[in-house]
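Paired with chain B in one complex and with chain C in the other, chain A is shared by the two complexes that follow.
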Partner chain A sequence: MASFTPYTYIQCPCHDSTSQSRTADDAPPPTTTLPELSENDDDHAFDPRAHRSTFSLYPLEHLLYCDVCHQIRCPRCVTEELVTIYCPNCLFEVGTSSLKTEGNRLTSDYLHLNKSLTAANRTLTLDAHVAVSNARYVSAPWPSKLSKPPPDPTLLSADSATPIPPGPWVLTCSYCHWNSSEIGVKFDKPQGIFGQLQKLRYGEDQSKHVVSGDTSPTKTDSVPETNKARFAALKSFYGSQTVGANPGAGLSGLGDYGLNSPGALTRIMSIYSGNINGLKPKTKSSVMREADSPNEGFQLSDLDEGAAISQLRRDGWDGTVTGDQAKTQVEEGAQFADQLWPIPYLLRAKRSKRCPVCRHIISKPESKVSNTRWRIRLIANNSIPSISIKPLNPPPGSGLLKPLQPAHFLLTFKNPLFDDVKVTLATPATTPGRFASRVTVLCPEFQIDANPDNDMYLDDVLKDGEKERQRRRGDEGIHQAEAGKIWERGRNWVSIIVEVIPSSLRIEPPPAILVKDGDPEPDLSPLREDEDVLEIPMFVRLEWESEASHDQVGAATSREKDAKEKRELAYWCAIGIGRISQE
Partner chain B sequence: MASNTGLASLPHRTVSSIRAGAHSATTPGPPQTPARPISSTFGSPSGSSRVDDDPIVIELGSRKLRLGFAGDAAPKRIVAISPEQQRRTGDFRVWEPDFSSQWRSRASGKPWGADHELWQLDVRGQDLGVVEDKLERELRDALFKYLLVDSRPRKVTLVLPPTLPIPLLSSTLNTLFHRFQSPTISLLSSPVMAAFAAGTRSALVIDLGWHETTVTAVYEYHEVQSWRTVRAGKLLMEETYELLLQAVRGYATMERTEQTEDRLLDESLSFEECEEVATRMLWCKKAARQPHRKTSEEGLATVHEHEEEGEEIPPTEDHSPMAITLNSCKPPKTVEIPFSQLAEPCEAAFFETRLSLSSFDDHELPVHHLVYRALLQLPLDVRAICMSRIIFTGGCSHIFGLRSRIFDEVSIQVEDQGWDPVRGKGSEQCKTNLKLHRDSSRQATKNGSVPVVIQPDMTNGNGEATEPQVKAADAPQEVDHVENLIRKEQNYKPQVQGFLRAIDTLGPWCGGSLATQMKIPALATIDREIWLQQGVNGASRPSEVDIKMGQRQSMGPSGLMRGQAAQPNNWTLGVWGTMF
Partner chain C sequence: MSRKQVKGEYIETDTGNKVARKAVLVGTQHIMLGGKTVIQAEVMIRGDLARTAQPSSTPSAAPSSNTAVAIGRYCFLSKGCCLRPPGRIYKGFVHSITQSLSPVNPLAPHAATITVVQSFTYLPLRLGDHVFVGEGTVVQAATVGSHVHIGQNVVVGEFAIIKDYVRVLDGTVVPPNMVIPSFSVVAGQPARVVGEVPEGGHEAFELRELYKTIGNNPQPLPV
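After this line comes the complex of A and B, so read on.
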């Protein structure tokens, strides 16, 4: 609490600022006021405390920059493309096609079973562990386990002490010494763990259900018990109902996406020969009945939950699944700890990002999984000035701002561009919110010199800078917070001073004299989270001239090579200065 | 992937070719002829485009979103709306050690548990922009992290609860169209999909949700009517809070904490912990007496098992303490609550049997009364079908014993009262007094005393009216030729109807996934272009287009083609557009 790090958040210009709040009473939405608001939206100061702005504020490091459109791009306003899909645990690369068939989790029937074993093991150990100590470890990784060499599913048979290879295999966790024989999970062979687990969990019926259809897929003998099998049964039931209804028609193709050619052909024929004619013979549709037997996916619900209630009574609080555990499970519906199952690893994807406007790639990783470098990455840090904050005179003691006492802060703007940048700042005189602090930017307009990119002349430049600084210092003599003047200037940075008068955080109704009749009820609720942080909304406008980009196909080609283009960028940012002490 | 290029716009073509190049670079091996999609040479051009994009099915709820691809048996990702997702990017305070103990400052200034809801059904005073933002962030997270899709536009199927407020629907559509560039969005109704996923065409769907419990009658894939009550998850949570607070304090207080500020005291508990207790420990008592169940061959297998556990103490009598560790109160405490007490929140939230029926407002009817009333208000035929297809869905239906309790209570009510909407002393007397009863029903000669039944001048006007008047109910049923024809169909099986029966569903999401994969036309399909042009106000009222277009709701084989032939000029929001 006591420590507070000043921060800067930048609001991506992609946000949609139209207010959509609805009136509290029954009156129809104020159609007259809404357009008004959006019209003079520019006058509308940005409120970093509003609930919506949490979704559009980003730290500078999270932002990208499209250097063709010259615009900031936040994670919300880029289009993404998959480059590689891989397992974050074993770095196995998964193709997009198997992603479709096998889902978003690692179903390893490949040759890296051991790693998937650890993957499976991890969550189970978690569950066992949580049951023991009730700690909230769910998102904590288990590095001790994951770093193990491949033969780490220690082969041991629970019954026979001799660890011979053909014996049953279990999953163990080296962290909490749990092993899966406790829940009766043993494997015959150390391969295909995922498949074996599925088999243990669902029994054989899942595979049987698909294979053992004697004549048609609906007439299976096995009663589907799992949701997956029921789903498949329902699907085949509905398929048989819709297809069987009029077998000759082109609709038969719809069941399998119109891929088999005769069906597709008749469908095309019926489309092009005119719908009315095509539809006429089909109007005699037969009755589509309901599913009524278990192998069609129909199931009466078992309303008697006495067994579950007595289990709840027996196992108590620790026997039930915690909310975090239930969330991490792949399938929902687990309520007791013994219904938890190992979770295969969730796959991850490397993504390249494009500007949605000009389709220019602004971020592209190496496609190899083990390579963490980027081929292209245009981060905003290289294109817009960074802002750092520090107090001018570090206050003694707690470092909290004293209410109603002016404090001075030094904002340092650092220019990463190779051109001079003209910066214009604007802040509202008081911060929005319940506790309005006064803010004064002493020098709202200044220019930052270009970023000298030539390291060769670094010394010269340094000397120059030093000289210049000395000269300035000579000019200004002693530093003084003075309106209209910058505080300090470097090669590519400028510091200015912001004066704030923090408001008092006391929550009390306004004096009765000041309250008018039409005023809304004052908000006297207690202090909310982060309401004691003095946060300044600041509108930053940058202006610079740079060389025209020649790779653009547009009008720029006809111009001369050294033509300068004027560029402009403006955005809101929220600057967290410090906490106000509650006295 | 490559087959999509024909359809995609120009930028996309380049995108996919770049990506294909990247892939071929990574895979080592001898150079190969690039795989050509064989299907496109034989199939129709439209067919190939259809295969490629599997639509995404999204089920929207107040607390949870379910997402996945159409055709999957289970959603790939179930998002629970949580305040952790609503922090600024780069705010890592969640990882601070004392984060969870500081929940009071985070919870202040908002309605209790508001951070855990996507929206409130009462849109007055709500900022819909926040709803959009929340939804967008959750969707983006789920799509990119769990479904592992790219930003290509994808078709979306929304499974929506009945009568979702139009502003909420509008902002949902806005988000999907603007932020995710979906080309079309189909709307499906969640009760209909629950029935669909149960394999039936009609059902009475009882959705025990968060804000409200809805009872929706679905007949032949139409939503007939929907009833609602606030006795749902939120109320249950408040009851749980009171129960836990009493346990923490060690004494019972009569006053209820209505204000949010009162829930931030040292001894009070956080919403998260209340929910944890509510989902883990609550159970529901059985009905006061068991209904006499007719043991039909398809009847529930539940009856037998009740007797088996006779030796055990019944759970209602069990006062053995259950230890629950609570960390969010100051200081942390392990409370011991008798097991029987843990059934009380359910009792108070859903049934409230202590109070008489007349003391409830329309919006807070106990659930079993609501179900009974819903069945009562349905037309006779619909009721017969629906009552033997009762489906329970929703988060609260996972509470042990709640479903059977509601079912039993309704059965008892049906046994006691039958299907007679007339209630009260007068009707009671009328029933008990045999003389009166017989008079009115049988004898036409005493018409003078009961003038209501038959108009005498009508009978005089007709020549055939000389025969003794037969009450319509007693007349022999006419032979219905259409009915006979239907019976002759080989596919026909007599419908199960006329007794109460609960059936199990795979859930609305699975229904939506199934329906989308089967290419069943949705209630309404909205085109991106049209939405961007016209917005929510462009939607025609369903009543204007309903009959002519026939694009709504017909799910038979003929409906498939009609859905495709439907013109996009008149588009609707389906049943959700009827409100305005």
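After this line comes the complex of A and C, so read on.
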């Protein structure tokens, strides 16, 4: 078995709200769909193995914390907004206006001497052709736009001062030394690679293939030949149809704002109610027709796959694209390896995140690509205790848990808050699932001291004092695995002991005496993936008193200024302890 | 320097560097350590691969600037890793003639008058602060930013640029010249960006505490 690292995943509260909203407004009654899940929701027990749990459990680092709602927020429930869009290869920032016209891949490469593209799932760098000259290394590894100071100006000055050597230029992969001359792609000059690629693929007349902008309708006399151009033709055709049918309700208006805006919705409703149900009186001219000629983007499906089948016979498995390649080359629609084509990098974005409930921004990076600081970063690490797990006595040998033998684990809770926190833990007596291991938390209720100020110097001084205190405490003999007592306490952390009795992984029917009439058939299927992992669902409840938050100061004016406010936070987490040995 | 503990595993310098006696540092005059850096046993740093091409037209270049490997503060070089400056064949043109080129027809004087200077040179390898390099890893990057974690048995190819807050998973092969943007998690052979460092994951790159656990007087990791 692979090595196992203990883990703690925390459940975001958005899991709860979705399940509630679903039973409230959606049609399927909970009893007919997933009975065991809805039951669990009722008595608030939590099964980390349930299918739906997978989507709400996150490591602590992935969680944010809204300090207005005082609640955990996860990547699934926050709303994201684009801050900066950039090319991940040359770190060139792309404006939102060019994004609208050119799509989410970097096409304006005029600034880069060293333009990179991905082809056949390879990362390619543009280089002068080796055979032409030894100018292979003329292109600097630093794109000119990056303004990275070259280590030695004299060494690299030749790059900017020399005329660009004559081509042809090719795209090369620095990993496997593939180059694009293998597929017949060569360039005259190392600029405008995207345009040159388009020309190589579709010839001089690019109007049939390239969608230049979002609004300009394709010329009626040209026949689009690529999926992208066909889509644009279809879009403009139906746009003109709906405008004719219902002026001011054209689909063309949808493009800019997406389908989320209420205006778009009413327009769609008016299109359908006006033309399909025929409830409204309408004139003859408003009858919509479907696209039926090639220049409107219509294409008859080619059902004869003989060519593809014979190519498959000839080239075999190796001649087809891999799943990854098919996914990255969606627009090219490549099925066979020889249909792969260099495509520009997919752009990447810096995003800010908003709380879904109160709409406050809870995470916002600096907008410049090169700046790695954050303006706002309300992370859960700063608000809820971290939980680390280690065995009390590291088991010898394999590190696997022995079935039916009690084992002790140390759970250490570290408090990031500047207030003392009272922690209450709860676990089911046995873990859910087919193999129920017994779990006992020896000390389910304890207090963690506040996190002292983060002064480094002070830190070191205090640490010595703390060691002193610990030594004294050690004399008192606190290290006892005793019910109701914590194992060890530090400045802002507490260790407690959890005893587990791992279940046996043997798959056998339950003894006949225990089987009652009407019991469900026992599941005797073989061990599933990760079913041998001992995972404890644990409910954590935190209580603390902190300074009243600013937005509630107005309400609290009658009381004293430094009035403390009671806070409470509770959540489920899944604690992965170890693998059970299969013996 | 300090001979207080003669038989310690590490040599601890005034600036707080902890260098294992069994580490192999070649060409130490070309290696710059920012301080508080841990260099474990069997680590090899090739400071001898300093820049060789020194064109005559560089009067301003100070001799001390010929650093082959520059390492920032709180870096951690694990057992058996290797830092090696990247090198390349460099083809340049003699400066004065280049500038007299007619921009109208660059091809004509190209063949006739330009003197081609061709040589091989190494260029510096720079690591930022809080860079962790795993066991058995080879780094030939041009630049590694700050707060970067490179796992074990990784190869970082020549002239790769790794920006800040990047995590390179174990066994990754970063091809030469690859640029890895900030907050990326990369893996695979060849390396690809497989994920993003979450907002709450920035502090995990901090190596101050790890620094204290190494040396002749190691401290346990705090809870």
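As a convention for this text, the second predicted complex is superposed on the first by the 359 of 583 C-alpha atoms of A that agree within 3 Å, B and C clash if a C-alpha of one lies under 4 Å from a C-alpha of the other, contacts with A are read in each partner's own complex, and residues count from 1 in each chain.
Criterion: a residue touches a chain if its C-beta (ideal position, glycine included) is under 8 Å from a C-beta of that chain, and two chains touch if they have at least 3 such contacts.
Predicted, not measured: the structure shown is a model, and the values here were computed from it.
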Contacts of A:H62 with chain B and chain C, given as first, second, both or neither: both
Per-residue contact with chain A, leading partner among chain C and chain B: B
First, second, both or neither for A:I580, with chain B first and chain C second: neither
Which superposed partner A:Y9 touches (first chain B, second chain C, both, neither): first
First, second, both or neither for A:V321, with chain B first and chain C second: first
Touching partner for A:I309 - first (chain B), second (chain C), both, neither: first
Shared chain A surface residues [contacts with chain B and with chain C]: 61-62, 75, 134, 136, 348
List of chain C residues in touch with chain A within their complex: 51, 53, 55, 57-58, 61, 88-93, 95, 98-99, 101, 103, 106-107, 110, 118, 121, 123-124, 142-143, 157, 159, 161, 163-165, 173, 175-179, 181-184, 189-190, 192-193, 198-204, 222-223
Chain A - residues contacting chain C, complex: 60-64, 75, 86, 88-91, 114, 122-123, 125, 134-138, 141-142, 148, 151-152, 154-155, 157-158, 161-164, 166, 173-176, 348, 353, 363, 369, 372, 374, 377, 379-381, 388, 412, 414, 463, 490, 493, 495
Residue ranges of chain B touching chain A (in the complex, touch as defined): 1, 11, 14-15, 19, 22-23, 25-26, 39, 42-44, 46-47, 50-51, 54, 69, 72-74, 76, 78, 80, 86-90, 100, 105-106, 108-109, 123-130, 132-134, 136-137, 140, 144-151, 167, 171, 178-179, 197-201, 260-261, 264, 272, 275-276, 279-281, 283, 298, 300-302, 305-306, 309, 312, 315, 318, 320, 322-325, 339, 391-392, 398, 400-401, 403-404, 407, 486, 489, 491-493, 495-496, 501-504, 506, 510, 514, 517-519, 555-558, 560-562, 565
In the complex, chain A residues that touch chain B: 9, 16, 18-26, 51-52, 54-59, 61-62, 75-76, 78-85, 93, 96, 99-100, 103-104, 134, 136, 227-228, 230-232, 234-235, 237-239, 241-242, 244-246, 249, 251, 253-255, 257-261, 264-265, 267-268, 275, 278-279, 282-283, 285-292, 296-310, 312-313, 316-317, 320-323, 326-327, 330-333, 335, 346-349, 351, 354, 359, 367-368, 525-529
